[in-house]
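Labels run A, B, C and D following the written order; every chain starts at residue 1.
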Amino acid sequence: MTHAQQILETHPRGAAIEAGALVACIDACFECTQSCTACADADLGEPDVGTMIRCIRLCLDCADVCSATGQILTRQTEFEPELARSVVQSCALACRICREECERHAQHHEHCRVCAEVCLLCEQACDRVVSILAA
Amino acid sequence: MTHAQQILETHPRGAAIEAGALVACIDACFECTQSCTACADADLGEPDVGTMIRCIRLCLDCADVCSATGQILTRQTEFEPELARSVVQSCALACRICREECERHAQHHEHCRVCAEVCLLCEQACDRVVSILAA
Amino acid sequence: MTHAQQILETHPRGAAIEAGALVACIDACFECTQSCTACADADLGEPDVGTMIRCIRLCLDCADVCSATGQILTRQTEFEPELARSVVQSCALACRICREECERHAQHHEHCRVCAEVCLLCEQACDRVVSILAA
Amino acid sequence: MTHAQQILETHPRGAAIEAGALVACIDACFECTQSCTACADADLGEPDVGTMIRCIRLCLDCADVCSATGQILTRQTEFEPELARSVVQSCALACRICREECERHAQHHEHCRVCAEVCLLCEQACDRVVSILAA
């Protein structure tokens, strides 16, 4: 059980939406923040940095969106479904666009391969939360 | 001329969209991050904190979204219009929802009145960028 | 193996300091960002919120410091030891001060007990990185 | 009068330290977050990006530290001087190290010249707050 799940289960008002999907998405957002920051940084250290500019930029954007989304989904008190849905949709989009760019470099940069994998997990976790919030 | 404008004008690739609307939105996002953080904190110091819970929560969310949006709009290299539009739309929504709550407290809490004002400016600046990106 | 470790191991320039301690600290910083955000939010949902104001404030501060520290330690390219040490020291301090407040509430709020535990892990991981950087 | 100042003046518990120095530092931190993000991005768009790697990295770090510091200083409720001092000291250091690197490029990259200027203002504003907190 992750710490995110432990704290969520002890929230005085309970989880605002299905706890399993919520915790998976929160954990994925924080992981993806880290992976995208790490991938942008590894790109900067590559000899072919000039070909990695778009990857760096999208990783930086994705890290920012994932970080904000992870924070917002973490909050259960006075949860606001309309805002949550909009933010999580943006996050899924950021993850998809970043993933597609990382996949283009996955064969020659292992960090891009791992980052694309983490982006995909986050995109899927976001999609699941969006479908719950849209129900 | 703000520093945001100065740096934007010296960007090697130029601004990705109309510079006036862009700089106004970037500056508004950073201002709104600060105002919402300040309003949530002032709420915490109020004797009637129990009635300000929703205001605190929405201010924290709005600060997170505005911060991410300000960062993403600041970046002009390999600008990604689809992602920018989605994020700025979420930001306009966060500002509107937060503003509506702050307005409910504006008569008895001056910090809520100022925060609602800053949220409105950011919402309008975001709407303008969204309309440019949708064109 | 965490994703943080996987990407670190594929960094073109390698890890700037001992990888085990570094990855443990990065992971702890992101976990602590999440836990402190969750604890502040759970505090806001408690009937006795008026007695949790200091806990909320310190959790918000600790989340901000841990997030910045996690980002900075994630970057290995052109690693700057003097800055890293200063930031990680601030992070250890933020974790200690936040943990001490959470411990005061641990008996009646389970989320504070878990948050104190995560803060302690992060404090210890930071202390280890500081000792490596000071060597 | 900035919005930061307006909200600070309406805080139910007042400013924790001298308001002028505090507001100047808060505003400088948010400006420096923006400038450093913009400078890192402009560097990425330069034909000589390979020579700007250290500048990008330090700008990203400086933006993270300034953002966290601006948030923490914004909070007046249950202000914690020991933590504030440590964080603001790290911020002054981040600004100094980033400024020194930007200055090296100021003659051929105007965005580095502007960013160095903003870093200097933030460094000085931080130093003033540190001296107040150390008194």
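Quick note on the criterion: contacts are C-beta pairs under 8 Å (C-beta built on N, C-alpha and C of every residue); 3 or more make two chains touch, one makes a residue touch a chain.
Since the model is a prediction, treat every value here as computed from it, not as a measurement.
Chains touching both chain A and chain B: C, D.
Note: the chain lying farthest from chain A is D, by mean C-alpha position.
Note on interfaces B-C and A-C: more C-beta pairs are in contact across A-C. A separation of 19 Å divides the Cα centre of chain A from that of chain C.
Centre to centre, using the average C-alpha position, chain B and chain C are separated by 27 Å. Multi-chain contact residues of chain A, defined as those touching 2 or more other chains: 41, 44-45, 53, 57, 60, 67, 71, 75, 77-78. In terms of inter-chain touching, the protein chains here all touch one another pairwise. For chain D in complex with chain B, the touching residues are 3-4, 6-8, 10-13, 26-27, 30-31, 33-35, 37-39, 41-42, 44-47, 63, 67, 70-71, 74-78, 109-111, 114-115, 117-118. Looking at the complex, you find that chain A touches chain B at residues 53-54, 57-58, 60-61, 64-65, 67-68, 71-72, 75, 77-78, 80, 82-83, 86-87, 89-90, 93-94, 97. Note for the complex: chain C touches chain B at residues 41, 44-45, 49-50, 53, 56-57, 60.
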